[in-house]
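Okay, so chain A shows up in both of these, paired with chain B first and chain C after.
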Partner chain A sequence: MDITKKLQGFISVEQLKIEVLNAAYGNTDTTIAKLDSRTIFMWYVFYAIFPWLTHSWIVLTGMFLMLVAMIYLARVSYLLLFLFVFGLVGQGSMVLGVSLFFGGNLTTILPLLMFELKLAIISLAGLIAFSTMEPEKLSDGLLKIGVPAQVSFSISYGYRMLPTLIEEYHHVFMSFRLRGKAPDQHGLLYWRTVLYFMTLIVKSFYPLMLSSAKRARTTVESLESRGSLYSFKNPAVKKVKLGYMKFTYKDGLFGLFNLLYVIMLFMLAVALH
Partner chain B sequence: MGQLKTRYVMTEQQKMMVFILSMSLFGMATMVSELLPELKFGLVEFKVEYFLFIPLSLAILFHPLHAAVGAALGRIIFGEIMLGQFEALGEIESFLGLVLALYVAGIIVRDPSNKKMVGFAALLAVVIDQFISMGVDIGKVWIGVEEFEAVPGLIESIVAIEGFAFLNDVLFSGILFAMIPTMYLVPKLYGKIEPLLGMKPKTKDLNIPISDIITPNFMVGAAVIAVVAFVAEAFSESEFAPSFEWAFAVENEILFMMISLIVASLISILIIWKILSNRENRKTTN
Partner chain C sequence: MSLIEINHVTFQYPGATVPSLSDVSLNIEKGDFIAIMGGNGSGKTTLCKLLNGLIPHYYVGDIEGEVIVDKMKTLESKVTDLSGSVGYVYQDFENQLVRAKVIEDASYSPLNFGYPDYLERGKKALEKVGLKGKDDEYIWELSGGQKHLLALAGAISLEPGILIVDEPVAQLDPQHAKALYDVLKWLNEKEQTTIIVIEHHTEFISEYCKNVVLMADSKLIWKKSVREGLTRINELRERQIYPPQITQAAYALTEKEDRTLPINLSEATEYFKSFNLTECFQPYLTPVPNHTGEKIVDIQQVDFSYKMISRQKKKILKDVSLTIHKGDRIALVGNNGAGKSTLMRLMTGIEKPEFGDVLLKNINTKGVAPESFADMVTYIYQNPEEMFIEDSIQADIEYFLKARKVKDYSETVEKIIDLFQLREIKDRDGRLLSGGQQRRASLAIGVAMQPSLILLDEPTANLDIGTRKHIAQFIQSLKNEAEAVIIATHDMQLVSEWANRIIVMKDGQIIHDGDRASVFSNKALLNSAGLTPPQIMELSQLLGTKLAYSIEEFVAYAQESKEEVTFDGYYKEAARVY
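On to the complex of A and B.
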């Protein structure tokens, strides 16, 4: 039971903050990041829906390999990758273990593995798509495809705010720890310590909620002073704002390449069947 | 309906504030909770179940719909897509379930300083959310997934896992990490956080008959949400999903086509790289 150590390890948030900032702003010079955001959305939607429509191992594996290559090209942060692998393995082994316990056998494993592979493809596509776009690009892209401006703005705002919020939460948490008194004894199964930390985790949200309420108000008021809430709905403003977005030959080539690749995978699947 | 409408007269700006607040806070919280270790005693799992108390408090204190949608969106974007835990179609059900749960919890609390009501609403939200996800999970195996029926032990195991997870989530995570923190936070925030967003707190003496809440529209909406959620979730895993595996009987032709396509795609890689590098070189020389 090294739960307190794990909790304390989590509290070294510095790394997390840097990784999140990196995910939001770090990878703007990669090949994929130079594509139009609409291309990335289409690509993502394709990879998010398509795995459900097939049961072929060859196609799925091929898509997975493609995504692994793109992960390399897109330079996705290691922490996010680690979390992804960790989550996948944990979830898979849980379902697997229980179904074996209830008398399933090796044939149980294959459909479950395929299911996990599909999830992996979708998650990887999401990681790539979202960590190659910086908040402004994401917001403009969403606006272009018809998402209400309030929502697209909020998403990019959240993206930008996340590292700040994490840092602030960390500060509050630390100040609670400084002022408070940790339990003298750990108690049976560390329950006192666990309770202490859990209470702190909850309590730390109180100041954070107040301060982010203030920040939300400041943001909306400054938006308002620039007339944003009006311009959100004005098509002429939208046109000027999004005028810079153009499909280039890169988008075409990227789309063509992906299309050909998937067709090739199907051909392979049919031929090898 | 009249009273409901007059109860929440919020400007666009205030709605947006609530939306932003709920989304960024819950997004950040989900991210933290993904990183927190789980505490397990055998199969009983103590987890800070997605920090539900944050959007719950906001939904109870402010406009429930905006807080609910903001929170659900924040969870998907920052807790799942960004961390690579996203399941696409399967998430529709959890998104709608969370929105419904928070909305109901927000709308049944008339007086946020009434701790009992707040606690009840918080627990109700957890029950709604978890019940929807359990029902969908069991249902899709029971009805939709033929492939799994051939596998011995899978249905029992799914029912057992889901039923147990439901009880576990409601009894432990629900009470410890949703009900108690909400009961602590809501009365504390009540009257303090509203002025920060420039609005008046919910008044205490507001009396809304239950028929105002459970309107026909509401029930139709809930039913539609449930159906959409189920179909999306079942579709995501079932054999009903249209299958794009073509049954070509031709062998040689396919192989030729295949080879030509491989060549075509390889050539396209080369073109991409060449043009990209050419262009960059030109830019640097200019």
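On to the complex of A and C.
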């Protein structure tokens, strides 16, 4: 068995579907998932803005470590983590390479590394915030903070359609393979095989788009007759729908803990200087 | 005043050249259970969309006449005003489900109308359709039958007085279809819901409905009681609608077209008693496996499971062994979820077994890409749309041959286009064709690969009965195109008329492998695998006569025994005289 086949087994469309759905709907029983979505939004905004306001390595590293611990608590899916690490390492090494190439040294690299660290904090916070909330919770939260109902509905509907679309994509992809012809030789560094699969991956999207457009007809009719367009304009619906959302002592504790932690980091930074 | 009044309605879709409904008038009373029959394009669906206001508010076309539903004039009301009165279950019901979780979808309408008790309403609807306890499941974890029930729950969550269900049987296996109709019956009897179904399966109509409407060419031909409607044999046949088999048999024997013809099984058993059919002991036949011919597929102790979203494994096939020989025409039968499609996909090399081996012409599929089996095996998908990867039928048929740089491929393609009668539509996109045309095109794509083995997944599903008969003829001709053909199907008529070997599956295992006599004579097997034999076969079993696989056989047998009886009579008469 050669490498391509092992890889095929590992990165199968089925596996992708499982990972994506787990990222969206899995781990709803963690401590963080039980918080109100508004708390999570505020927490995220704090972590997205605050890193830009400081230059302290201690504060930034502290925040980063905190997030790593939270990643563990929130049980973020492996797929997302993999993408995160891949992106970070890829971009980091590129920046490093470029700066060294143009004659940089440690003093030029350090600010770049700090910039990378800030980026890492923001993306990790985003990962935690958005993968710990189910799409439904996310869309309800957005609705609560005043985002139009159409947008929040699109988010939850988009996720509902994901598995269907992935499955259909899989079928089309298999149609290509069942009637196509793989290259006889792999070529240098498997380039022929890679090219063959790349072409199929792209080509398989076209039939998918056409059939999605077709199936949307029933969906839109059904939305119309089940009153969803009507509900977008009805404030009473929003009230009924979001009735379950409320802050509890957990939200308070979570906020307090985060605040204290950041204050502690600052004190530490001041003390060490 | 009737619950529904349609007065002289003519409707034309924007851009269409002819009206889809012309001068249609119909009254439906409260508490009715009514079926609408008619060929493709006769205006059935358009008529139903008139009732929930999608026409003319969503499809803005030219409309004349008046529609009153539940005392509301639909032309003057909004779609949302009618939502409380009319529930609608679509033919492609999966696209009707818009939320991720079962309870969310069931309570979606009540939520949209701002009912504070929307969750209770959703739960109540789920309980009515028999999905209690599934509240927190995700819809992609449901089976096809459960999805249909959920669509139904969503439609009745506002407790509408009218419920429209578009072609329920076409999408479901016979057992699930029956379960759905039982729910509809309950709603009709216990909650006085008026039920309107679009239906071609006259066996279901005669069992569940009270009245029936016939439509053709955008016109409403008549509305009659079920008994009166279904016994108009010749008129129905002209319109490509087939009355229940037993009604047809009775008509063939008496040539009297009137209300005395039986329309359901219990009536038929009474009716045919007067025919004094000779009883015939049907011995239980043991399967005789056929081991002649070259081996094409060899499946050895195969297990298969797939990973669910929870990352747990679900077993689909358990220790399946099977050999397929040249000349086999196999029908693979069993309920949805029995593992039929998986077994077929293992034979294409797309899926590899978890344990065990699959050998295609002595090549193990393990470690070999599916492309290399494409010369040998063709798999024709249940949903033909997933096979259209090019933008015209012709390009799709050519794809395989072109990829292999076959010389003179155009000759082969031309031949196949003619064989499957695709000449006129060869340049059109497959997705835009009608159901029957799509099936024909998908068969043509498969045959163009000139395989040794053709696998067909539910080739006659989702088709109206006229088209189904048409497609069945093409399937008959496939046996000349390949060394072996396997069809997974619920269509027992196709099974009994076409297959020379029947494999019955249940819960991931093969529970029977034999010919049609051994399957259909075994009542216990039929029950346990959830197979519903054709009605005429059931009748011959109930009457204790020779097992008849088709109406013609039954009629011939009945005529024979009649002659015997007459002959018997002459003999006795002669004995008395002498």
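Quick note on the criterion: the second predicted complex is superposed on the first by the 241 of 273 C-alpha atoms of A that agree within 3 Å, B and C clash if a C-alpha of one lies under 4 Å from a C-alpha of the other, contacts with A are read in each partner's own complex, and residues count from 1 in each chain.
Just so it is clear, a residue touches a chain if its C-beta (ideal position, glycine included) is under 8 Å from a C-beta of that chain, and two chains touch if they have at least 3 such contacts.
Keep in mind it's a predicted model, so treat the numbers as computed, not measured.
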For the combined arrangement obtained by superposing on chain A, do chain B and chain C clash, or do they fit? fit
After the superposition on A, what does A:224 contact: first (chain B), second (chain C), both or neither? both
Once the shared chain is lined up, is A:96 touching chain B (first), chain C (second), both, or neither of them? neither
Chain B versus chain C as contact partner of A:42, first or second or both or neither: neither
Between chain B (first) and chain C (second), which does A:240 come into contact with in this model arrangement: first, second, both, or neither? second
Angle at chain A between chain B and chain C, C-alpha centres, nearest 10 degrees: 100
Should A:177 be classified as contacting the first partner (chain B), the second (chain C), both, or neither? second
Decide which partner touches more residues of chain A, taking chain B and chain C as the two options. B
After lining up the shared chain so the two structures overlap, which partner does A:135 touch, if you call chain B first and chain C second: first, second, both or neither? second
With the two complexes superposed on chain A, say which partner A:214 touches: chain B (first), chain C (second), both, or neither. both
Would you check which partner chain A:257 touches, where first means chain B only, second means chain C only, and both and neither mean what they say? first
Pick one for A:16: touches chain B only (first), chain C only (second), both, or neither. first
Min C-alpha distance, chain B to chain C, superposed, in Å, is 7
On chain A, the residue positions that both chain B and chain C contact, one per complex: 157, 159, 210, 214, 216-217, 219, 221, 224, 229
In their complex, what parts of chain C are in touch with chain A? 49, 52-54, 58, 79-80, 82-83, 86, 88, 90, 92, 94-101, 104, 108-109, 111-116, 118, 138-140, 154, 306-309, 311, 348, 350, 367, 369-372, 374, 378-379, 381, 383, 385-389, 399-400, 403-404, 429, 431, 445, 449
Which part of chain A faces chain B closely enough to touch in the complex? 3, 6-7, 10, 16, 20, 23, 31, 48-49, 52-56, 80-81, 83-84, 87, 95, 98-99, 101-105, 107-108, 111, 115, 119, 122-124, 126-127, 129-131, 150-151, 154-155, 157-159, 161-162, 165-166, 169, 194, 198, 201-202, 205-206, 208-210, 212-214, 216-217, 219-221, 224, 229, 249-250, 253-254, 256-257, 260-261, 263-264, 266-271
Flag every residue of chain A that touches chain C in the complex, lowest number first. 1, 5, 14-15, 17-18, 21-22, 25, 135-136, 156-157, 159-160, 163-164, 168, 171-172, 174-182, 203-204, 207, 210-211, 214-219, 221-231, 234, 236-237, 239-241, 243
Across the complex, what residues on chain B touch chain A? 12-13, 16-21, 23-25, 27-29, 31-32, 34-37, 39, 48, 51, 53-54, 57-58, 70, 73-74, 77-78, 80-89, 147-148, 151-154, 156-157, 160-161, 176-177, 181, 184-185, 188-189, 192-193, 196-198, 235-237, 241-246, 248, 251, 254-255, 257-258, 261-262, 264-265, 268-269, 271-272, 275-276
